[in-house]
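Note that subunit A is present in both complexes that follow, paired respectively with subunit B and with subunit C.
Let's look at the complex of A and B:
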């Protein structure tokens, strides 16, 4: 008898929690995972445990794949959807797939030069030549020209790159491609490329570890990684000729360009005068017809997803800098709002309704 | 003629060869486990066993964060996988050992070995296509199914060898009593082979408990406990091997330490299941020592 009462009580208790809570499931790029999970934590608190966002990092490729397989409510990627994927989704769901910028990825050149902890200046041409193996020594005249006050050692340069496929590599090589035609033709840009020189290391931590242990080496990692692990990073001369110290505001500034309506754009080697040149968006992928995504089972879930999305591009951005991410520029927020307004559930315009009731309008 | 001394020397040489080899086998395990314990012991605390993970900000700001959902999820997924795998694996093993002339056996044996050699990630993909896609969501059940496919060939093989060492006289005794063949298998052979069978289940279990790849696209992962206990079965679930990996590749120092702690927990989890199984099989070391 006692046992029965206990059991019913337990059942009731769990039932109550059950009816109230809504789980939003997303997956994709590993780079924004800390930010999205932190957003999830705050948002959970904000909604009194009602909405739980479950984000798992499975890589950009995995995010796109699961998004088109409709096993997740939103995807996350560091490379925007290619036209053929956009088309196939449009065919399947009768609506667009939206790429909504949620945060910015920035990649820095990290180096290990004893005695030069800070302030090494490099530019796109020099970096391309270093990564092509044309500049072989640190005291090369082209590097010292950029750093007249620094005494550079005559160490040989060791290039360290990623051995695994990665969004970081995508942004880095897209920068090298946009400053050098030769690089664009010979190597190009992708999540993994055929490196002309250098040694491979696995993951951000692998590149960072190798650079830290080998004097004379240069590699690239995401900015937050270099900050959190206190590795020296280079300042870069951007296309306007300004020397930019990597910073969150410089990254945000880089995206302050004329964005296309679907935000599918690269802005490495940005034309923005104060912008850091090696930066790109990280996008959240959402179906226009939310009801056509099999992972979303009812309107309630769809609405909570949209609400979370609105929160993530506004108040949620406040979490960015303490975690090592740059805030979205206003231009991107504006584009996002326009896209959110088109979101529908069974042809009901829930996106614009929710925008109306939010402070964004 | 060889002298007695020469024979003794030869014997000792052989024995020391065996001892050295055994040490070489055990040494990596010792190094590995001590390394894990040294690195992870400082992160072992009460929060680890009572709190949900949440985000890295929790860890950075010193708020309580832990892996209770991961441990619960691992228990549910692994035990459910074992429950899926035992009946099927046991059946296959019995067919292979007790019905050696059965027409299916040659094919079955090849298929079983092939399945055993297949990369675990493919088994995850199979579960993804068969369960996740039709269900429309990641789930604990699909993770269990993937792990069950990892366990299956191991259980089938170990069952076959455990049953085949039971002397034929026991089977003959059963048949002589007039029992049908299936009765003999269930009431005489299987109980007699109990220790061997449980050891087989265990090897399969601990092998599967360390797999992360088949769980990526099935049980998926979760930073929180599911909303309802049924969520352990029908929703995304966190598991130790997978969480360990994602903690290890994160840029956060605190999460790295938590990853080591997760490794200790996983390690302890496997050791405890070995101990339980030894007790359950009623054949602990002492008894073995006495009977010799």
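Let's look at the complex of A and C:
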């Protein structure tokens, strides 16, 4: 008798624990990983240990692949889904795949010029010519025209780029592509490209380390990395002709433009007057028909995923700047809400129900 | 004759009858299972690699892929592995050439000249180099070796040649420190322990009689080593060199960190380059497009094939030269 009671109690206990604990499994880009992990920690505390977000940073490519193979509940990528992947997912799941902006990546040009610690001004055309190998020396007239008060040395320019495939490269090359037709046709933009000149270093830390060690070099790293490691970075002239000092608010401003409904857009070389021109979204990938994603097994999980998503684009954004990420602009939050409203579980509109009950309404 | 028939009778019986004791049977089945599983694992690996790289192979051709030097993941999505195969061969062969003489010298010293206590110390220190993780070697390369080479070797040599031999400059390339020569030297350092250890073992296996015969003929210590010991052990040394070559081909992290990662030919001496493992580790994580991913897998398959050839070659050489080496002297 006693044994039986104990057993039932144990069974009940495990059941309670089981029904209470929910794991949200995601994977993808490594750039947002610190932010997502911090969000996951805060969110678990917020839900009294109930919801654990488990994020594996396996790279954008892996994220997209796992997402289409339905082994994860959400993917993360720094390059939005291409049309052919969107179509194949629509065929398989009967609904769209949503690309929801979660955070912003911004990339700065870092340089090593003895004596010029701050405030070197560059623009898109000059940067393209430097990265194409056409401008070879720092005292080139086109650079000195942008920096009339600075005395530039006659050092040769060494270009340092990322050797590993990276969303940072994607944003950087998409900026160069949007500034220069020639770059767009010859090199293009992607997570790794066929670089005309320069040497490749591994990771943000590799580029930063090489630039720091090599006088006369120029490279690109994500803004927070340059900030934390106190490397000189350039100010950029944006398409409206304003010289922009890189900052989180300038990055947020860059994305505060008229976005397409599915947010699959690049806004490098932004039209926003106060916007920093080298920035892009990092997207969370979610199925419209959540029940069609094999990784999500019941409605409860689907609802918790949607709740986390809503939290991440609202209160979760407060974590951004302390970790080196820019906040989402209102334009992106608006589009996200519209997409979340379309999320369904077995044709039940759980997305709009949860939006109704949240403060976003 | 009689023994043979008995053995034959025994062999005709099923295995379960030969090994009757349970201990025997468990041991036998474990050995067979583990032995076969290794073979299966290799076959499955090759098969998976082939399956994943099929898209690239059919699109660019079985020969077109390894013989084309183009790597464009952004615009035309065209891929060919020649750049990386060339980079791998240049750095690996260069590393072997650089490390061969020092490695053999170390082996001769520890096996022939050094007193026992010293040879133990030297052996262990050499083995210690092999135990250093390659990412640590890479970091040391980035922060210590590369800046030093740039300031003390590449830059002075580069400016000397611009003054005296301008024709040499295009061959030298950018002397920034990260490049083919840096990667090759680091690679040489990393394979040296392997060549040294295998050479030392080969030298120690030379029969005493071989040495004593030479002594008896009045040879000096140097002559004994050069004329009796080294020729006798040359198959072992060669096999060791080729196994080190296999290791150099596959070395990834340190090379990727130091080679400068330029995915286009031509390479220059000091300038950046790329190898097969380096491009895989660099681009695999973020290879978003299917054909890009498949091409990286195809590079992996090529690497697999080359490693296989190298290993087979090592086995063949050690068999082919083993007897001749002893008899010819």
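The criterion applied here is as follows: the second predicted complex is superposed on the first by the 342 of 361 C-alpha atoms of A that agree within 3 Å, B and C clash if a C-alpha of one lies under 4 Å from a C-alpha of the other, contacts with A are read in each partner's own complex, and residues count from 1 in each chain.
In this text, a residue touches a chain if its C-beta (ideal position, glycine included) is under 8 Å from a C-beta of that chain, and two chains touch if they have at least 3 such contacts.
Fair warning: this is a prediction, and the values are worked out from it, not measured in the lab.
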{"item": "Combined model on subunit A: subunit C and subunit B, fit or clash", "value": "clash"}
{"item": "Partner chain in contact with A:173 - subunit B first, subunit C second, else both or neither", "value": "second"}
{"item": "Partner chain(s) touched by A:21 [first = subunit B, second = subunit C, both, neither]", "value": "first"}
{"item": "Which superposed partner A:30 touches (first subunit B, second subunit C, both, neither)", "value": "both"}
{"item": "Touched partner set for A:58, first subunit B, second subunit C, both or neither", "value": "both"}
{"item": "Touched partner set for A:204, first subunit B, second subunit C, both or neither", "value": "first"}
{"item": "First (subunit B), second (subunit C), both or neither touched by A:213", "value": "second"}
{"item": "Contacts of A:323 with subunit B and subunit C, given as first, second, both or neither", "value": "first"}
{"item": "First, second, both or neither for A:190, with subunit B first and subunit C second", "value": "second"}
{"item": "Subunit B collision site on subunit C, chosen from 63-71, 81-89 or 117-125, when both complexes are overlaid on chain A", "value": "117-125"}
{"item": "Overlap of subunit C and subunit B interfaces on subunit A (superposed complexes)", "value": "30, 58, 62"}
{"item": "Footprint of subunit A on subunit C - complex, ascending", "value": "71-75, 142-143, 146-147, 150, 174, 176-179, 256-257, 260-264, 272, 274, 278, 281-289, 293"}
{"item": "Residues of subunit A defined as touching subunit B within the complex", "value": "14-15, 17-18, 21, 23, 25, 27, 30, 33-34, 37-41, 44, 52, 54-58, 62, 66, 69-71, 203-205, 224-225, 228-229, 294-295, 297, 319, 322-324"}
{"item": "Subunit A-touching residues of subunit B, taken from the complex the two chains share", "value": "54-58, 132-133, 136-138, 216-217, 220-224, 226-229, 231, 235-236, 246, 249-253"}
{"item": "Interface residues, subunit A side, partner subunit C - complex", "value": "30, 58-62, 64-65, 77-79, 82, 158, 163-167, 173, 185-195, 198-202, 206, 209-210, 213-214, 217"}
